[in-house]
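Worksheet: the structure to be examined is printed underneath.
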Amino acid sequence: MGDTERIPVGIVGASGYGGVQLVRLLMEHPKVEIVYLGGDSSAGKPYTDIYPHLGHSVNLTVEAIDVDEIASRCEVVFLGLPNGIACDLAPQLLDKGCKVLDLSADYRFRNLDTYSAWYKKDRTDQAIAVRAVYGLPELYHEKIKESQLIGCPGCYPTASLLALAPLLKQGLIVPETAIIDAKSGTSGAGRQAKINALLAEADGSLGAYGVGKHRHTPEIEEVCSDLAGHEVKIQFTPHLIPMVRGILATVYATLRDPGLVREDLITIYNAFYRSSSFVKILPTGVYPQTKWACGTNLCYLGIEVDPRTDRVIVMSAIDNLIKGQAGQAVQCLNLIMGWEETLALPQLCFYP
Amino acid sequence: MGDTERIPVGIVGASGYGGVQLVRLLMEHPKVEIVYLGGDSSAGKPYTDIYPHLGHSVNLTVEAIDVDEIASRCEVVFLGLPNGIACDLAPQLLDKGCKVLDLSADYRFRNLDTYSAWYKKDRTDQAIAVRAVYGLPELYHEKIKESQLIGCPGCYPTASLLALAPLLKQGLIVPETAIIDAKSGTSGAGRQAKINALLAEADGSLGAYGVGKHRHTPEIEEVCSDLAGHEVKIQFTPHLIPMVRGILATVYATLRDPGLVREDLITIYNAFYRSSSFVKILPTGVYPQTKWACGTNLCYLGIEVDPRTDRVIVMSAIDNLIKGQAGQAVQCLNLIMGWEETLALPQLCFYP
Amino acid sequence: MGDTERIPVGIVGASGYGGVQLVRLLMEHPKVEIVYLGGDSSAGKPYTDIYPHLGHSVNLTVEAIDVDEIASRCEVVFLGLPNGIACDLAPQLLDKGCKVLDLSADYRFRNLDTYSAWYKKDRTDQAIAVRAVYGLPELYHEKIKESQLIGCPGCYPTASLLALAPLLKQGLIVPETAIIDAKSGTSGAGRQAKINALLAEADGSLGAYGVGKHRHTPEIEEVCSDLAGHEVKIQFTPHLIPMVRGILATVYATLRDPGLVREDLITIYNAFYRSSSFVKILPTGVYPQTKWACGTNLCYLGIEVDPRTDRVIVMSAIDNLIKGQAGQAVQCLNLIMGWEETLALPQLCFYP
Amino acid sequence: MGDTERIPVGIVGASGYGGVQLVRLLMEHPKVEIVYLGGDSSAGKPYTDIYPHLGHSVNLTVEAIDVDEIASRCEVVFLGLPNGIACDLAPQLLDKGCKVLDLSADYRFRNLDTYSAWYKKDRTDQAIAVRAVYGLPELYHEKIKESQLIGCPGCYPTASLLALAPLLKQGLIVPETAIIDAKSGTSGAGRQAKINALLAEADGSLGAYGVGKHRHTPEIEEVCSDLAGHEVKIQFTPHLIPMVRGILATVYATLRDPGLVREDLITIYNAFYRSSSFVKILPTGVYPQTKWACGTNLCYLGIEVDPRTDRVIVMSAIDNLIKGQAGQAVQCLNLIMGWEETLALPQLCFYP
């Protein structure tokens, strides 16, 4: 394929960890060419000043964010900006004919009141937001294909929802018993200089944060409610783990039918995810290590039933920056462009 | 105080991580002198062959395990052996007048049928076992003082039970809703050469194990049942975390009275642990980092209530090798000897 | 390209870290097909019992090592066995027409007396050994192309020699002043259960080993001597670092011409490695992080001159399991097969 | 001893890692009482807002830095401030009768021109500076005892100088061949929010920095010159290691007398450090792990001779925050107060 057939894409907010993953994945994507990297704080800097290891392969300079400029050069735009900014930019980009894949929270909610309550920002783009699709292809495959505007899920919701979806969709659990105890590497906090994310603080230690208050809670609940067919409240607790990458969500819920054994559930999960290339159901008694997913767009699911308590326990492992962020956005890109869903998305980790 | 006043103590099973913590703590204990280190696999080795950094301070050789020899030299014996061995040794040592602090599972159960079912070992020492006390001083302070035989708790049960005790004792939660999602550093697996505990495997990764099947489950349940006054089943899931030391137990349970707020519970916990020197209740909104407990005999408890779900979430952090193992044994020693409970037990970590 | 055009290859010793990297790289290689995995200790096991994360993509069972069987099915064989075994197998495989890429020390030495002295093994395959080529393509590109038997370099020698080669080849340093202070992640010790490689031992710590005695010393010296044109002795000290992957070699040497500045040397290095796709010379003042090379076949070189001491300091970073092992073997495969050297070899890391 | 006999001490700059170590060590010191914590950026904050784990034991509020106030309350003052500030404060404090232990670079140099050249700050306190003593008790024991003003060494110089001192003092090496390849945990960079010290950046990676330019170079050289009796230039390269604490300095030098074997040197080192409680010379063939020193005021030295190259290699391991910083300051305090040198200084690590 000649370069002339490549689609020009831009990344706004390219200096963070999501950005650099996107750069990596898109550079090896056979159907796209990165033609624009944008960011206000690093505007004017060669990209390799930010990531020196890319000196030999990326020859782009970060540019100030200019909607006209972006739209004139890019067919697809990835937005990797802090929450509350994409909802100002995306309407203009869509208006000028771009397709938009947003990695912030701005287009993840169907109910903008929920968004406004948790993110403390009023919205004026209701007409646009209603057209956005939640970018979790395993659940919204067909809708994503038809959309111009994707709100890509957060990393915790991706791991949590892939674990819960078959259970909720098929009514196998009592929804209000669902507890998600999630553990994330510190790269999830982004490339920001914060004391608590220093190696000297975070290494050799472990703690919960945002207990009962984390903003991914309403995002998970909205999709769970959609799957269950009625409003669902879930318990979600994130923890910071002394490692760079990876999320493990350990999900607990009480089974409606205590007669179900783990083999039943493994069969059900395999059926549910039959056409999902990136979800891997582990065999009986095998539980995922986050490292297995590292560097890939995969989600590994391990399933256990405790007959003593009638609970199902699902362990869900992803790479928070790939399937939990940039890889998922590329998966959505593949869908909205009508390409093969797995294109340019790694499926094998460099273990160990 | 002259050395003549020091009590002679022995450590059987001194080459593991529990053993070396005991050595460290007891060397700085003003009322004891280590006179015997025992172990079959390393018998005959100078202790500093095993731990070269102790070359300047420990001048003992590991000896073969000989009950007569031990009893003739030691007033108190710590047993740090694999499960199923202490129950053969302890009766003989008690018979010869030693006090015994066992760090294995052998004397943690009041119900030996439970022990036999989970540990696959029949027991012939019922008469002795019935005299053993569960060595968690915050709950069994008075009984420990009177006992000659202590079954020191496992590391997970210590963190879990200190989190759950006030809730169960005062009937504040629906017991069967209790879920313990526990996370441990890899030193908990002991000083054994296993592939999955290699840095190359465990670092940068995270996973659950023993889901619904871990042997600390019945130990936790027996004490929970004692506290609640009726039989209780709990959900317990351990995870291996890429760090050396520390346990965080995140405990979830549904409140009986949804009107309780976290400040109420903090007050209740403070009252419950008023006379416990080693349990620290954190103020509103502060959640523990395992690192805070590192190297100390402390347990930090952070308490949160989620009014959306009527659940209490208690986070409990300890050093798995101190409060979860050797430190707790020394705390028990202090009690059975009638010394100050806090003697020689560190309360300040070397942060970071 | 149809599958019929793929070359059948086998990996003997597939269960270690080198083996699993080879599996990963070769599965994504467009011109080969893995048709055989061999290993005596894991013979009969499905490969995914060893590496469960590969369950969805590798459908091979480890087979006992049988030369006839291997030769009948494979055109190229990778040997990833402990030192001293390949020199028994390789002659037979070559005799039956296979090409052999050996990852052990057996074919790295031109002088078998050196090998025998350091590896305590007498050799009877001199006639074969003399045909082997040292598999460092940046130095022996043309010879590798012509060979049927490659002795792939160790991880430390790869990092060290790429740092030293331009200096020695062009006579810029006093060879006997060369000191290599090397630091490696613990995966370099292989997938073997050893106490000192446990996370609980190795994490949060750092130490040297094999000081003045490491077996990679004579391997480095033989190539250095070849480059310098006379016998060279170097100082080599390896250290174990608390991380999984990566090697940094910090190389010190006294410049013959104290007038040289770092920009001169950067120019010289760029010229020396002009046609080497995998060696990246960093610009002035930039020093490599091992993480930049992680998951890639690259070697990053940072160059500094200290005018106060007239020394050059070269920092060389590689992924010990890719450029230091499996990737380099695939690079050699590409050369001996006449394919593009960079085929199937990653050049971008998943930072962070 | 009653509290009335305790000496009142203050810590200026208590919020950093050096500060919190000092707080820890001094709280357990039987002869001092912390009566003042100072710091401008955190003035007015309870100390436990900065370090919540100390809530149960430290009941002090950080105060603005006021010389009169400090001098009126404190007999001894520790200064843990950024370089270039202590030289303004110390003269005033000395003038008001305080003893001063400075942890910055300000009083480490006998030659203030060297200080000014490397630290870019002119000095007006020459008269005072000349009275300061370099606070490395193993080398300047008697002078420290007599002084009111101590310039406590940096962490790298402590590890490096203890390794080099016997060699230089006794003329055993060619000084200009000395190369110090030092590796430090990231806590050495202090409690400052910097991108490169984030766990997400620093974990799983390794790199050199400040090559040929690190400010500890002239500090090491000044003491080396004092030991050698003539001016000495050394090569010093620091590296950042993915761990919290600890420094390993690997020191290389060419022996003047190639007949010396490692046992000779071990004997020489043992003699040199005979009266130094905190320096531990390891036996033949044992090399230090940084973890052995963790949490202690010890320095472990491992000594090797390579007869192939006539070099001595000394490996020196310390805890960068204890012997490399706060512990050493307390050791100096003990000396200037005429107390036992080892008072309140830990000598056993909590391994692992």
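Per-chain numbering from 1; labels A, B, C and D assigned in written order.
Please note the rule applied: a contact is a pair of C-beta atoms (placed from the backbone, for glycine too) under 8 Å apart; a residue touches a chain by one contact, two chains touch by 3 or more.
Treat the numbers as computed from the prediction; the structure is a model and nothing was measured.
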Name, by label, each chain that touches both members of the pair chain A and chain D. B, C
Chain of greatest Cα-centre distance to chain C: B
So, what's the distance in Å between the C-alpha centres of chain C and chain A? 36
Between chain C and chain D, what is the separation of their C-alpha centroids in Å? 39
Chain-centre distance (mean CA atoms) for chain B and chain C, in whole Å, is 46
Which chain D residues reach two or more other chains? 17, 185, 187, 200-201, 203-204, 242-245, 288-289, 291, 294, 352
Could you list, by residue number, the parts of chain D that touch chain A in their complex? 17, 185-187, 189, 191-195, 197-204, 242-244
Touching chain B in the complex: which residues of chain A? 176-177, 179, 181, 183, 185, 200-201, 203-209, 211-212, 233-235, 237, 239, 241-246, 248, 250, 252, 287-291, 294, 302, 304-309, 311, 313, 315, 317, 352
For the complex, give me every residue of chain D touching chain B. 17, 20-21, 24, 27-28, 51-57, 187, 203-204, 244-245, 280, 282-283, 286, 288-289, 291-295, 300, 321-322, 347-352
